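Chains here go by letter, A, B, C and D, matching the order in which they are written, and residues are numbered from 1 within each.
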């Protein structure tokens, strides 16, 4: 209950700080006889891994995942899956200055008020390091989704659709382009402009916010448990639980406030013998249950609070001080939030797929 | 697990459809020896009750709540609290037309795909009728919060801050005004303009979306369980679980995407011997844990899908048809979402308050 | 989490005290499209109902159950099922004497230490009255089991196999006889002797303990989640949670301590093309998972602590006193524990059946 | 939900098979600022470790535990604690014979029916190897109990009170003796006779059952959540979840069936200004709530099913065969069940202590 686990049937529980010996997780509830090996997980971790361009932290995290249990002769056994990643590149000394000072906008102060103690090295448990295990669990969830749904499986893809004030031209959306630029931007032209803008931010020692969008295609209709565990409610929780996220949208999101009922209604017509929606304002979810349309979510990621620009704060002794965070940080954490958000959508869908099977067969 | 309950320690589980004999809930985990009677709950239900102005559905729901257990001689006993509201004004015949047609934007189609059966009368379980029990549980949660926190307790107040394209002037914000107009609008001048606009919408047989904001003051620091049960993650789930909500924001919400790290940082200074924040972009939550600042959330409520404007849809036999929803519906469900959103904030805070006490004493 | 619910997928949550206006429960997770009406539940309640012979409390509890939600046109809808039983025959004045005195062996003292307040009328929440809702939930669980398993369904039958020092002759076991005598005794001859012995106990104003056995046939293999939610672990919890139960056995139970490994092994042979066990020391469960053999459990029920024999105790003011419990009580609560134990086996099996389906399809 | 975790607030989740690279667990919900290091855990593991006498399996398990997270500068931080033990002495070839044959009385067959696949090496997840993590979590639970309760803390001690048909003389009970003989027998004279008897069993290639008793002293009154999460219900689940356990008793256990209400009542008198019980038939729990008396539980452990005596069985191809389990096994797993049972009592009490604090402060 103390918050280090997520999910009901497909449930993963994680541990580990950025500067401890290792991070890891236990995944419970995975169906048996699904093919699974490290090579199903490692590529997703590699996408998230920092240090791949000048736009993410220069920490070198090897992020080599090991499966410790739950897989026998290449297939899941139905028992719990233990995953471990050893931490390798830790420079605790970078953090001496912030040991006693609260970084504005960072979890420092809140942890200190809650627990009366905190591991200040790299943020300890509040570090983005923790998200590596979300990505690992997400990779296993993708295997579950594809295996249980069958056919072409479930496609879950994310992209950064806004960086600071800069948006994308949706007419130019190209999923292939997302993998070709370090900003996961779906509009190749925007990607170039963003790179320039982010360079400027980085050189100022500052950081910038972003909006990430994730689209899941192939989601079967019927997932989601009304009324409190609606699919969109659990997606909102999953995404809001990612570090630095302050807003979550489903389908048209906050913009639905401006619509009339006749505009917002996704009308239907029979097509090829199937009920077919003529639009997707709802983002693939009605009444908290998936409709079979693509599930569309967005999340707003605030700018990293660990910056080189001096900020006013207080220390644990009650003095007014200034703080500058040296370390090695991301000028735009929204970038690395893309694979993390995809992973959280995957674990939420996998959980609800199995939950649906429990009740409805 | 099938979704009719919310919370971990303070947990409520509800039942009931709009056209059944009654709705009710069980609240588990309420601390003992807290003064509680129907008169602590009824006023909040009265605020939510429809039929109070021309802007909400004209169904007359008595909404008289009875406490069936868990209270002895005016105080809670620590055992589960049963609440019941009998349904009184039901006109099932209004729903004959939609028995076999899916209303676009409504849960009809999704329920049918999930369960293969549905109670079409008034939406059954997907009806806004269900939210009465959220409000009742929220009233009990308020008693828990005030009793455990002590002092001036926790104030949780909501307002509608946008209706369709129309916003408010925050310089004119007046909490008293919220209770004085049927739209829960905090800007009295805007309230008048909104009323006119809503009259027009209503006469067209259409509906309109809205944004609701809830502010909780007096929340102790330390609430929230990193990393997956962050306070903001659970608030996001709580609010996204309300019918028709498609977006949730904490603090600056989606706007954080446009900020730099130096802008978004809520700087601190000592004041009166206490660490004090100089701004509240974070909405009172850092790293998923409350900081002691006011907790600020917003939610976007889509326009009612039950409208008189004909919409294209299909029926359960696979025919292309049109549908018009006669019944008695809200032109702007955002209005009634205000007390419901307040209630969901209250239950989430009460749950996390007790959870925090479990781990941290 | 505060203990008024049971189960994960098939989950029921109850409320109500013996002397409040009503008791009730919410059942969540019931699969859709299962035929269900009050007439599926009422007969099981009637079996448990007191006042049917001189051997159970003479309180007249009508125990008329009403379904308030979750069923539409005779079939479950997949939404939560609300059940309500109004309390009718309450004589609170019987309890004045024990308002301030702790009955030895009763929950009085423990509730007072835990909550600092208690509803003393009839034991409040600790009353056996609460078990009516277990029986109601068990009746729904039986419908779920039969519907999901198909074929001849799952048979769950209980009997009293020991009353005080008196046992049964297992060679004379007759399931029909169980329903023919007021003691649920499977050995008709023993039943007569027990009746005489119980008359004597009753006239002394005393009470007596018992052992109840429940056998579930038709349980599919594969139910149970190793390692902490083993099927037998959850059965043990389910049965130990019944008022007055102090011991739980699976299969050979405590007697396994005396066996050697070669004796305890349930050997197997192919028979009719199926692996077949040659004995059932294990009670149908190996490694926490059902094997397809009959599931056999036993529970020891202590004698009612509400007796007319004066006992030494203390009162809430710290005085040494004596206490006699007048009221109307059961000389052997083991009798009414039979339908309750059956119900708890049913809910546990139904829950694990759906849980198994979640993970293993 | 799939069963690899235990507890609600103090919750641990485990992974690992006997012949994989490592076993481990995550403990969530531990209060912050409790002193904790490997040296608080290792001694309890050493007690459980096999190979310490001729009466336990001769596998050499180093069982060296490492804390991977959740502790900073010697104190818990409130974040999840990761524990890891690497497996060192694995001889998978010992298990070739049983790869396709079901050992009677073993989990083999049930796993195969549930999952359709199983790791047969040493029993995989069903191996007693898994109990090492229970002991590790129990050690952390002891630290939580002592830290939160304060004063002299909570003492949790176990002993083997029956081995096969051989009992102990309770008049000779000596807790010191328990640690002085390899059978954890509290009666030194019985210990010698038992050793001889067990030697004979071992030489026959057979095994024998046992009864273990655990006594917890210093348990505060008020722990336990009526009505389904009673303290004794959760203890029953905790103990029945241990491999090979088939019966669980609280206080007088199965013997309560033979008692009258006047006998079973634990009478009370004021003593030293405190309500004091004159006996403890109830085993320290009334109405599912601790009373402050010692909590007394017993569990029956069946004889190991991995024996050298040939048994009739079938194989996965549907052939009638015989099976002999070579490997290195315990002639009496009841011995190693002692520290495991203590640990399960500790985790259950720690969880309920924090749960009680959540609701009742």
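The rule is simple: a residue touches a chain if its C-beta (ideal position, glycine included) is under 8 Å from a C-beta of that chain, and two chains touch if they have at least 3 such contacts.
Predicted model, so just to flag it, every value in this text is computed and none were measured.
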| item | value |
| --- | --- |
| Neighbouring chains shared between subunit A and subunit B, ordered by label | C, D |
| Higher-contact pair (C-beta pairs counted), C-D versus A-D | C-D |
| Averaged-CA centre spacing for the pair subunit D and subunit B, given as whole angstrom | 46 |
| Subunit A and subunit D: spacing of chain centres that average the CA atoms, whole Å | 39 |
| Interchain centroid distance [CA atoms averaged], subunit C/subunit D, Å | 26 |
| Overlap residues in subunit D, where contacts from two or more other chains coincide | 1-5, 8-9, 14, 29-30, 32, 78-79, 114-116, 125, 226, 355, 358-360 |
| Sites on subunit C touched by subunit B in the complex | 1-5, 8-9, 11, 13-17, 20-26, 28-30, 32-33, 66, 68-70, 72, 75, 77-82, 84, 114-119, 124-125 |
| Contact footprint of subunit C on subunit D as seen in their complex | 1-6, 8-9, 14, 102-111, 113-116, 125-126, 130, 162-165, 201, 206-211, 221-230, 232-241, 243, 246-270, 273, 275, 278, 281-283, 285-292, 298, 300-307, 309, 311-314, 318-320, 334, 355-356, 358-360 |
| Touching residues on subunit B, where the partner in the complex is subunit D | 1, 8-9, 29-32, 78-79, 148, 226, 354-355, 357-361 |
